[in-house]
Structures are given as structure tokens and as C-alpha cells.
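The same chain A turns up in both complexes below, where it pairs with chain B and then with chain C.
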Partner chain A sequence: MRSQEELLKALSDCVVDMEDELVGEVAQEYVTAGYPALDGILKGLVDGMQKAAALYEQEEYFIPELLVCSEAMYNGLEVLRPHLESAGSQEKHKVVIGVVEGDTHDIGKNLVRIMLETAGYEIYDLGRDVPLQKFVDKAKEVQADVIAMSTLMSTTMPGMKRVIEMLEEEGIRKNYKVIIGGAPISPAFANKIKADGYSANAVEAVTLVDRLLQG
Partner chain B sequence: MGDVNMSRVNEMTPLERAAAMSQGKAVDRLPCNPNVANGVARVYGCKISEFNRDAKTLAAAQIAAYRRFGYDSVRIFTDLFTLCEAMGAEVKFPDDDTADLLKPAISDIKDIGRLQPVNPYKDGRLPVQLDAMKYLIDEVGHEVGCSGAVVGPFTNAFFLLGVDNTLKQIIKSPEAVHALCRISLETCKIFSEAVIKLGLTPTISEPMSSCTVVSPKTFREFSAPYLQELVDFIKSKGKGVIMHICGDTGNIWKDIAAMGVSGFSIDNVASLIECKHAIGHQVRILGNVDPGGVVYCGTPLDVRLKTLEGIAECYDSPKGYTPMSGCSLPVETPFANIQSMMDTVREVGYPVMPEKVEAMIADCKNQMAVL
Partner chain C sequence: MTPKERLYAAARHHPTERPPCICPGGMMNMMFREIMEASGWRWPEAHMDAHQMAGLAIALNKAGGFENYGVPFCMTVEAEAMGAEVNMGDLLAEPHITDYLLAGVDDWTQLNSLDLNRGRVKTVLQAIALLKQQNDGVPIIANITGPVSVVGSLVDISTLLKAFRKNPKTSSIFMDSIAGNLIAYGQAQLAAGADAVCLSEPSGTGEILGPKFFREYSVKYINQIMDALQPPLAMVHICGNLHSVYDLLPELHCDIFSFDSLVPIADIKAAVPEKAVMGNVNTHALGTSSPKKIAQLVRSCHRKGADIIAPACGLPTTTPLVNVQAMVAAARDVKNING
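Take a look at the complex of A and B:
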């Protein structure tokens, strides 16, 4: 029998080392041994994902590596989640995220979602090619703190501006922090459309959201 | 069609300019390519979807934009999905916007063996693209370099198997990704040959090779061998190769230069001056005004400043420099901004006098400060 500490490290290593098949067995062993699922998630899987993010920042890992790491994290989560004790979960900040209408490229958005989830945010993922009104409607419905929009295509950039205008028209712009990202997006564009923030990659997005919600 | 722009009436033609420059003779200005892509539809006054079925319109729109702005290269390029579509992928065609990948040709690596190289005269939109190239070179080939866009083998592979899936298979099934790139390369070569037969020069777009997506190690293992073979193939037919890779490319510049390309077009997130120092003695550098943040969103003055800054950094690059946007321009880019890039290059003239450029930069900044 491995100790909890050993198993946590094994879970973390599975994520960092892209062991998306092995991770399920380790998670099962962890649960069978009776250790708390929340620790397994936070100190095991999420720890691994944070290490993977650090490797990404150091340009050791790139998109393929990060994707397989996240697959490993999700495979582990699938085993651990049903064993979570529901009590004690504090209110999380909510983020509505999606790729704006006209664009179906969602790798960047998915990575941002994963990183925000890893950092403890509650995510409402609208997917890709999302009608602009849906960002507004969903943010109102779930009382989101943040609206995050992504696009890879320069042709769909005006949609981001439109969403901000829609929030203004409804008089609810102040209720949300709006952040944008994606290959053609620059800080200059974010300023121009009066977004609250821009991040160049998924790891930075977490720092950005943390900072915006503190301020 | 094509209202002629007065500012270019007394200019050399792009071919005259290129020829004189290569012989060290006097020229009027640097070559310049704002990289108007499907935005040519706005100049010509047609819908982008017409480019998918009407070769004459596709060529006529390119020609109209070329005549209006007088830039130094015209290219048949509509989107990145022509080759994968011809191999079985499904593509979405909005009425008046750029096409997008809807469904890859296969969804499982076990089906790689079912993929076939294209017949460029029969499959998908390739016949339309080739016909447009023919119209293009017949009409303006005597005065400006005409090229045909070819998607690189690695990038096209992603569209055959799906982007997410291919990213994962790079780690999980390297052999499958190699097999995929191999069949993808066959298509790239076949299409390039058809382009060359018409007298045009293929350009290679290889965005997935970017360090923004994959590591230099992955690039070297999965992309470079096939890209090299494509470059060698095109060169063996007597054509030079201009390559564009989006995003960050700093860590693979030396690999690209070593492939023997004649020009490399860099994205605005990459550093022009570092690129010059790294490979400027081997290849012409093209770039890199921010197409979204500056040319699409900015003012003509913003475009002027960024164009000047690029010239100041790179005009003395040993193998030459072409002011260009960092990637294809958004469709709705204001004409005044495209015009501004051209006019700036015209005003700088040739040979480039760095003091003059610095003075123009200072003047731009003064004007901005007043605003």
C-alpha cells in the first residue's frame, strides 16, 4: 500500500508526464485506500497541471504536451469527482467563456478553461461559434464575475466589441470583467474595445483574472 | 474595374523594381505587400463565397486590389482548407466571409491509409484556384510577381485528422503522424507542380509549425523533413520559395533559413530585428506590421508609424527587406490603412536613408502626441 503522500505525488506525476491512461488506476488506488478525494484533486491532479503550466511557461511544454496533460487530469477527475464530499466548498468566482460567433477554433479557449478550472474558478463553457447574445444571457443567468471571449480569426474580432456594447446597452457592463484573447488579439485591441483585460496565453489568463477580481 | 491609384502612375512595375534591385540598379522604393487576402472582395465588390466557385471573379478581385494599391505581389489565396477539402475534409462556406474547416477528412488514425493524394484538376476547389491563377498571370503576370498559396504539409495534416486529435497523436502515435504528413506532402507537391506549370510561384503557409503551437523539437521531427522536401521540390522546378509561419518562430528561424527558402515572412509577435540578425544574411525578410491591432484597428497614422519602424529596423537586412503585414489582413480592413502602408513606403523611397526614416518616425510621434 502506498501512502497518501506517495499517491498524491503519483497523481501529480501522471499529469505532468502525460500518463493519461495510467492516471485512472492511480486515482482508483487512491480512492480505494480511503484518502479524501478533494486532496487527490487539489494536491495531486491540479498540482500536476500547475507544474505542466510552469513547464509551458518555460517553453519546455507546448500545446500538444499541455493537451495530453489536461487529458490526464480529466481522466483522473472522472475517478475522483464522484467521491467528493459536497460540504465545505466555498463560493467560487464564475467565468463564462466561449469562442465568438463565426469561429470554430477552440484549442486556446479550452486551455484557458482548463487553467482557470485548475485555479479554482467555476466555468461555464459556451463552446465555440457562440452567438454574441449568449455571452450576455449566460452571464446574467449565472451571475458571472468574468466574461472571457476568444477568437483565432481576425474576421470575428468585431464580435467581441459587440458583446461589450450589448452589455453597455443593457446597463450591466459594470457587473462583469470582460477579458479577451486569441492569436489576432493585442492589448491595443483590448483597450480599443474597452475590454478589462487581455492575456497572451492560458497561463497568463489565470493571473489576469486573479488580478481583476482582487481589484 | 480597379480604379487606378494616381500615386502609382509614375512608378516602376513590381517586376521592373525587383529586376533592377537584384542588379543593383536604381529603384523608386522598397517592395511592399500589405497582404490583402479576402479583403480583395471589398475592393472589387463581390462576396467572398464567389471565390469558391468562380475563378474569373477570384482573379479579377485580386487584380482590382493590386491595381488600386500597387503592391508588389499578387497571390491566389482564399483560406487554408483547399488541400484538405480536396482530400475529403468538409469546409464551411459563409456567404461573405472566409471559409473554415467543418470536419476533418478522417477522425481516426486507422483511416490514414484511406487518404489519397489530390487530383488538382478535379478535386474540391483546386480547379477553381488553378483557373484563377491562370487568369491572374495572363492579365498581370507581365508586371507583377504572381503566386499561388500552398498550405504546408504539417499544417495540412492537422486539417486531415482534426487539429486537437493531431496535437495529441504527436505525443501518442508519432508513427501515425509521420504517415499523415507523408500523404499530406504528396498532395502539397502535386498542387505545387500544377501551380508552377501555370507559371506562378508557390508560397508556403505553415502556421501549425509555429513555436506558439508546437515545440522546436516537434517541428524538427514532424514538420521540417516534409517541409524541406516540399521546398526542394519547388526549387528543383526553378522557383524560389517564400514561406510564412504565423506566431512565434524565433527558435526555428535557423532551421527555416537552412531549408534554402528565399524569403521568410514573419508574424508581428516575432521580432523583426532579431530575425534580421539571425537569418537576414540568408533570406529576404518580410513583415511584420500587426494586421489586427494596427492595420485593421488603427488609424493611417498608426500604420505609417509601424511601417516606418519596420523599415528602420530591417532596411539594411543583407538579403533584402519587404515591408508587409505580419499575416493576412482582416477582410474589413479600411482601405485608407492599406493605402497608408503603401504611401509610407513610397515616401521613404530608395535607397533608404535612415536619418530620413527616423525624422518621419519622430514626426509621426509628434502628430500622435497632438491628437
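Take a look at the complex of A and C:
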């Protein structure tokens, strides 16, 4: 039988090495051996995803690789999650995320969701082509900490500004940190529409949200 | 020199007195609200009516706009023709795909083949024929959406990228079939009178795919399409950051290479010295800054070595006409050393 240490490494390796089919068996072996699920997630799967993210930053991995790694992580999570002790799960910060109305390009948004989830945030994914009001409604409903909007098209950028205006109109702007991203978005645009932050990619988005919520 | 002669000359590194200033169309949309309001031909109707589509392209050129005609004004024609559902947008929002037709690459057999006699494919072909009738020396640029982007409009792009890695065999069969359809469409556009073909690839980029898959999927199929079409002038635009694939760019079969505003012109000049370099005026600036600033950007692109001045991406529909006029005027004012 493998030790916890060995199995944690195997879980991490499955994620980094894109073993999205093998990972389920390893996770099962880990659970059957009676090791704590939370460790398996944080020191195994999440550790692997963080290593994959590092490889992405070094341009060893690109988006196809990152996606298969995340699939491996999710497959592992599916096995481990039911074994989590509820006491272990503390209150998480909440992020409402989506691609603004008029745009259906969601790959960047999906990567941001994956990386934020990996970092321990609770994500409410509104999907793509999201009506602007829905960002506001969902953020109110779940008492979100962060609203994250993405678009790939310059024509739909004004929608981001509109969401911020809607928050202002309702007098609830200061309840949320609003972050934006996507190919045509720049830090200057983020400043102009009074967003709280901009990130150029999914890995940076985690640092950004961490920083905003500490502040 | 007619604008068409100037474009051909610039593309072949022949002497011209100054660079042409164009906007290809398609994903690199050339159309914006002021021209629609002035001409009375508006989106979304103009996406579905050849007379309006051609009329808008002519109106823009006559208003001191770009030195070419470029249709259509979006990148959804091909995917729609193969079965995808499209929301036609409105005056300001371009058409976009609303739902993915296929659950995965294995479903590729369910695709329609692109019918040249129906829908917006037919509209575009008719618009090109109408523009040809102008016979005014303004080059007509036909547009093809890049093969990876078309597939990424039919299947969820995340699913597709995973399939590139996990299921290369079916992915290739799928891509072959798409390339075949795009070739038929391109041939029909050339037969209708197009003077050049521009293929724009917003999804199959170096930044998204990385060098391995960029070569295996983007470069391979772009070349397959351009080899089959043999257009008088072949242009390729690749979005996003390119530094991971600089050494692969010379493999692209095209005369003109176009790229994002964040990519340094000097890098591309060094990577593809035998190709003409087109670009790369920031479209956000075109949409929001002053004519004076736009003229500066044009002069800067020219100084850095752009052979053809063009926007670096599709124009926002809110772009002011004065900025486009300033862009073209500035390109007319600069002097080529070899001219």
C-alpha cells in the first residue's frame, strides 16, 4: 500500500501530467486507505494544478494543456469531495463570474474560474452572453465579494462599464470588488470605467483577487 | 497608381510612393455606425442584403475611408452556413454564435456542407459581384474565418482544445472537412471577383494553442486553404501575442502578414522578411482617441516598417469617421524611401 505522501504526489502528478483518466483510480486508492480528503485536494490535486499554472507562466504549457490538467483536477475532486468533513470547510469568499452580453468567447473566463476555484474561492459562473442585470442580481443574491467580467470583443466592452454604473445606481458599488479582463481590455480601460482591477491572464487573476480582498 | 495596383505592389515589396491604407473586413471589420447612419444602410439588415453590404463598403471608401472594399462585416458566415445558430446583433453589436452546434469533435458528421447558393454565403458572393461592377480600381478583399476559429464556433472551444490533445485523429478529420468547406467558399468569392483573400484566425493563435498545436492545426490548414485558392494576394491575420511562434510564421503561405497592436512591428519584420507586413493601428485608439493621435500612430507604424497601414483588429462600431479619415490621410502623407 502506498503511503499518504506517495499518493499525494501521485495525485499532483496526475494533474500536471494530464492523466485525466488515471486520476480517479488514484483518488479512490487514497480514500480507501483512509487518508483525509482535504489533504488530498489541497496537497495533491490543487498542488498539481498550481504546478501546471507555473508551467503555463513559463510557456511550457499552453491553454490546451491547462484545460486537460484542470479536467484531471475535476475528475479527482469528484472522488474526493464526498469524503470531505464538513467541519473542514470554512466560509469561502464568493466570486460571480461571466462573459458580458453580446459575446460568447468564454475560454478566458473558464480558465479564470478554474484558477480561482483552485485557489479556494467559491465561484458562481453565469456563463457567456450574460445579460448585464444578471451580474448585479446574482452578486446581491449570493452576497458576492467579487464580480468578474470578461469579453473578447471591443464591441461589448461598454457592457462592463454599464454593470459598474448599475451597481452605483443601486448604491451598492462599494460592496463588491469588480475585476475585468479579456483580449481588448487594458489597465487603462479598467481605470477609466472605475473597475477595481484588471488581470492579463488567469494566473494573475488569483493574485489580483487575493490582493483586493486583503486590502 | 490605383489603390489595387498600390496594394499589389506593396504586398510584393515593389516600389510605391507611399503605403496603402486598408481594412480587410470579415473578423477585421471595417464598418461602423457613422457610415451606416449616413448611408441609411444599417446593421443587422446589411449583413443579410448584398446591395446594402456592398453599398456600405462603397460609402465608406467614398467618405475618405479605407482604400479597399472588405466584406462581410463579421466572422459568423461560415459557421452559420454549416449549421450554427447566429444572433444577428444590432446596429452596434456584430453577429455572434449563440449556441454550439456539436457536443464534441466526434459529431463532425452532423455538419451541413456549406451551400454556396443559400443564406449569407450567397449574400456575400453577390455583394462581391456588385463591388466588382464598380470597376473603380479599389481592391475587393474576400474574407475567410480561420479554420480553428470556425471549428471553435461549432464546438465549445475548451472541448475542442482538449480534443486537439486527446483525440488528434478525429480532430484532424474534422479540420479537413472544415478546410474543404472554406476552400469552396473562397473559390466562389474569387470567382465572384475578389482581388485578394484575407484569412483571420482569432482562436487558432500561438498564444492560445502554443507552438506545437499552432503548427499542427493553424499553419497546416491555413496553408491547405491558401494552396488550394492561390489568390492573387493572400493575407493572414493572427490575433494575440505571437512571440512563442515567431519561428513558425515564415511557414505560413501568404504574401501579407497582419497582427495585433501589442505585437512589435520590428519583431514581425525580423520573423518574416520575405512577406509584406501589415498593421497595426490600435483599434481601441481608433474608436476613442483624436484624429491627431491616430495620424501619429500611422506615422509610427510606417516608421517601424509597416508596408501596409491597417487597423490591428476589427473596428468598434462606435469608431468616429474623422479618425478613419485621419488614418487614411496620414498614410497618404508619408513617403516611402523606395518610392
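Assume the second predicted complex is superposed on the first by the 215 of 215 C-alpha atoms of A that agree within 3 Å, B and C clash if a C-alpha of one lies under 4 Å from a C-alpha of the other, contacts with A are read in each partner's own complex, and residues count from 1 in each chain.
Here, a residue touches a chain if its C-beta (ideal position, glycine included) is under 8 Å from a C-beta of that chain, and two chains touch if they have at least 3 such contacts.
In this text the structure is predicted, and so the values were computed from the model without any measurement.
Novice: Let's test your reading of the overlay: on chain A, do chain B and chain C clash or fit side by side?
Specialist: clash
Novice: Using the superposition on chain A described above, determine whether A:62 touches chain B (first), chain C (second), both, or neither.
Specialist: It touches chain B and chain C both.
Novice: Looking at the overlay, does A:104 come into contact with chain B only (first), chain C only (second), both, or neither?
Specialist: In the superposed model, A:104 contacts both chain B and chain C.
Novice: Thinking of the overlay built on chain A, is A:132 touched by chain B (first), by chain C (second), by both, or by neither?
Specialist: In the superposed model, A:132 contacts neither chain B nor chain C.
Novice: Counting only touches as set out at the top, which of chain B and chain C does A:71 meet: first, second, both, neither?
Specialist: both
Novice: Please report the chain A residues shared by its interface with chain B and its interface with chain C.
Specialist: Correct list for chain A: 18, 59, 61-65, 67-68, 71, 102-105, 107, 153-155, 157, 183-184, 186, 189.
Novice: Sort out for me which residues of chain C touch chain A in the complex.
Specialist: Against chain A, chain C makes touches at 89, 92-94, 96-98, 157-158, 161-162, 164-166, 202, 207-210, 213, 239-240, 244, 283-284, 287, 313-314, 316-317.
Novice: Show which residues of chain A lie in contact with chain C when the two form their complex.
Specialist: Against chain C, the touching part of chain A is residues 18, 20, 59, 61-65, 67-68, 71, 102-107, 110, 129, 152-157, 183-184, 186, 189.
Novice: Of all residues in chain A, which touch chain B in the complex?
Specialist: Its residues touching chain B are 18, 59, 61-65, 67-68, 71, 102-105, 107, 153-155, 157-158, 183-189, 192.
Novice: Under the touch definition given earlier, write down the residues of chain B that touch chain A in their complex.
Specialist: Residues of chain B touching chain A: 92, 94, 97-98, 100-102, 163-164, 167-168, 170-172, 211-215, 218, 246-247, 251, 290-294, 296-298, 327-332.
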